[in-house]
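I am attaching a structure below and will ask some questions about it afterwards.
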Amino acid sequence: MSVIAASLDEALGAIADGIMLAVPREVAGVPMEATRALIRRGIKRLHLVALPTSSLQADLLIGAGAIATLETSAVSLNEFGPAPRFTDAIINGRIRMLDATCPALHAAFQAAEKGVPFMPLRGILGSDVLKFRPDWRVIDNPFANSDPIVLLPAIKPDVALIHAPMADRAGNVWIGRQRELATMAHAAAKTIVTVEKIHDGDLLADPVLAAGVLPGFYVERVAVAAKGCWPLGLPDHYATDLGHLAEYAKMAATADGFAKYLDEYVYERRAA
Amino acid sequence: MSVIAASLDEALGAIADGIMLAVPREVAGVPMEATRALIRRGIKRLHLVALPTSSLQADLLIGAGAIATLETSAVSLNEFGPAPRFTDAIINGRIRMLDATCPALHAAFQAAEKGVPFMPLRGILGSDVLKFRPDWRVIDNPFANSDPIVLLPAIKPDVALIHAPMADRAGNVWIGRQRELATMAHAAAKTIVTVEKIHDGDLLADPVLAAGVLPGFYVERVAVAAKGCWPLGLPDHYATDLGHLAEYAKMAATADGFAKYLDEYVYERRAA
Amino acid sequence: MSRFRTEELLADVIARLIGDVRHIAVGNSSPIPATAALLCRARGKGLPYVSLLQSRKHNFFTDGGVELFDCAGQGRIDVFFLSGGEIDGEGNINLVSIGEHDHPKVRFPGSFGSAHLYFVVPKVILFRTEHSRRTLVPRVGFISAPGGSPDNVHRPGGPLGLVTNRCVFGFDKARRRFRLDSVHPGHTVEEVVEHTGFEFDRPATVPETEPPSDATLRIMREVVAPELAEVYPQFAAAVFGQRLAQPA
Amino acid sequence: MSRFRTEELLADVIARLIGDVRHIAVGNSSPIPATAALLCRARGKGLPYVSLLQSRKHNFFTDGGVELFDCAGQGRIDVFFLSGGEIDGEGNINLVSIGEHDHPKVRFPGSFGSAHLYFVVPKVILFRTEHSRRTLVPRVGFISAPGGSPDNVHRPGGPLGLVTNRCVFGFDKARRRFRLDSVHPGHTVEEVVEHTGFEFDRPATVPETEPPSDATLRIMREVVAPELAEVYPQFAAAVFGQRLAQPA
């Protein structure tokens, strides 16, 4: 079986209801086309981990009723204000929220990457973030006297879903500076990737390209999704569609408006 | 002051007697020209940390009497057999040896990189490596019942000394896949780099090149040393000088032969 | 009309608080702190390094999202900026929610990196342009990051001060209390007291915030504004009349 | 003369021990295990992945020296090879020294990654081409990595067996003891007993090691040898008559 899937829906097959799904922050390239495909399929009960924050992607999944638990450090539409479906779901207790802080999520993924049960991190002590995370621990640094330090348990997602500029036919994915995409793939049991295009030839053959590659060894399936981050941007490739985000912020402000948005932009496949 | 040093000796100024100096493994590019310059200068009492192993570089420094403490996972001349000056110094108790295991050194550098006092690692338990490292600790994993795990204290070198294919005038260094060079620079107080050549233009401007860049922010000084790894190789650039290594192995087998080697190849500046 | 805009005053105030440092990092949606950081760089000779997290150009990070926090953990970030849906008199900030945690009345985006950066960045400058009893409260409803910590807690970092649209507060780490350092032109101490929900110290006479010099305004408008436009096109256009460019 | 060389026999034996896996990693200076790994790949359809750590071509790692160990910690390396200056009957290996630790009589290069990989790689194949009482000892002088661990120690990995120039030992994890599985053509059980410093189990009749088939020899010589030449030019030339190429 080729690592390159025949269709986006086929590539997303491993993302079943109720799994722990890891997704990246906005600047790392958010797989929005894949997110819409999951909503069309009616995905449910996800434990979504956004490393370390999210914007439209989490808001859309929450509004569509796909999320049981959300674990991240922040969700907002940035210059377009609060994420309306996120805010509404929290205030009405419709999702379980695991508030974190960005470096704690990075450390927890790095723990899984290294195959260790936990990772230490400075700070956090005395915050209510810690108070509401009984799954986090505080120990006394064994190398000092009376030096409390937080330990984060490893986060091992069932699937990491990411988007990148290109992949070759062996499933090698060029991620460039977005190193956390490699950490996510190392930490997750399976990694599914959408890409702007397929690169002919071996991305590992050229040392300059290879420096930015996530090896196909870690990649379960790849599907082509041109402009796959729309309406969000893909740094160095295309900018965020600010007009569309403004429209989303307006429509998603009410449940009815959000339902209309889903009909218009998600259930009806947009022309690519 | 420009980050690009006027001379190799000037670039190495921060490497004083008695400091903790971190150096990379052979495939990551070993700064041999800089190593010879340090020996010419008569560097003494170094605590050398080779991440995670070493070959000619450690043997040469040991033979020249520059090393007080060696912390690494292995030293050998690979296909040319044991490292003779290393073996001789250990058997005659002339250096303090801190035997480690490769991933423990990587983890200890990552601890310094993250600004945490320690990093956990699986394995090691029940080995004599652990027995002879009173500075390492074993705790019971707080997230489980009766699950012992080793903690490695952070390694924070005074200086990391590395070699790379190129740097630009802002001190941005292209390291490609050799990611541990970035980890070393993040962990060390100062980083000194020798490069094959200076790249005109900004290595961070092109996203493809930028993916393999150690930012100049972390770099204290850069000096050009063409063929700076000789007689070792620089992967993708030039191969190891096998003939020279065979000659080194033969000469360094005895103290007299090693002294002759220093005269011929170190104290007398070789024609580049 | 005034010789300068409020945004220019605040950026100048922040630049003075920043002082002489090596590395300033600025998070998302922070155009005024970004202006201040770029102003410091424009005045310096190659330093300080400025990392605008939203920018590709003014951002040297190549190790993914973790590098900012690793860099801070290494002690290599000297200045960072935090805000809060609520900020209280002990410097505690709330970026999460108001009301019962599981069923809050108000929900903010979340803590971002504050619970770590507030501990490890030496100069954290709190910034809030809505100075009211709604935002500056006696006690925050949720502590995203505390203003102070017990002596045995590893904490090289913490709050340096709080800049608002009305005034500048300094922070006394020993007493965990704000001190009114200056009031902006056109505002009064009485007004600050009226709109501040927490107790704070103040000298007998509170000076007026020093306005930006013509030289400073020139650098902001001629050097900083074009750089800013890459990340904050709307802001650069509105404040500096910078021609709109599509963000990278 | 024989239909095959000893190196070819040993590579074939190791390939059979490896079995059906997804990822085989091979450390430095291990031409025979590398031959076995490439043989498995040549027979498979795209699998297993083979990582020759000394190679640029047969090595997909892009995350620096730590990736091998992270990958193993993730459970993504199925097979690795270890050797030892000394190996004892409990599967303990010594890569450090013989004699008093601070003033040893003999010093080896060091433990490399053994103290970690021996714990987390499910199939660790021990390999030593000098089968003597000097190398296979009752008790190692220094434990670089232990052959077994208490039940509460996290240890998905450990020794699968030991391949020498004379025979193949299997390892019984429960009893922490080697078992003589086969003796190579031209060698005898008595000879193995005479040259082995540790006690081991053996059945009443010990089979002869199955020699490589003509098909296997053809793959080794025609497909594997050229690939091997990139990393082990001298070995490929000596064993397979592969034309010498300058190593990459």
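The letters A, B, C and D name the chains in turn, as written, and every chain counts its residues from 1.
Operating definition for what follows: a residue touches a chain if its C-beta (ideal position, glycine included) is under 8 Å from a C-beta of that chain, and two chains touch if they have at least 3 such contacts.
Keep in mind it's a predicted model, so treat the numbers as computed, not measured.
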item	value
Any chain in contact with chain B as well as chain D	A
A-D against A-C, pair bridged by the larger set of C-beta contacts	A-C
Centre distance in Å when chain A and chain D are each reduced to the mean of their C-alpha atoms	40
Rounded Å distance between chain A and chain B, as computed from the means of their C-alpha atoms	36
Distance from chain C to chain A - Cα centre to Cα centre, in angstrom	28
Distance from chain D to chain C - Cα centre to Cα centre, in angstrom	59
Shared interface positions of chain C, touching two or more other chains	61-63, 69, 73, 120
Multi-partner residues of chain A (each touching 2 or more other chains)	110, 114-116, 121-122, 147, 149, 177, 182, 210-212, 236
Full enumeration of touching chain pairs	A-B, A-C, A-D, B-C, B-D
In the complex with chain A, residue positions of chain C that touch it	28-29, 54, 56, 61-67, 69, 73, 95-97, 101-120, 142-146, 149-150, 152-155, 234, 246-248
Of chain C, residues touching chain B in the complex	23, 49, 60-63, 69-76, 120
Sites on chain B touched by chain C in the complex	112-116, 172, 182, 186-187, 204, 210-218
Sites on chain A touched by chain C in the complex	25, 27-28, 51-53, 72-76, 78-79, 82-83, 86-87, 90-93, 99-104, 106, 110, 121-130, 132, 146-149, 177-183, 235-236, 239-240
Contact set on chain A toward chain B in their complex	107, 110, 114-122, 137, 139, 141-144, 147, 149, 151, 153, 175-177, 207-212, 236
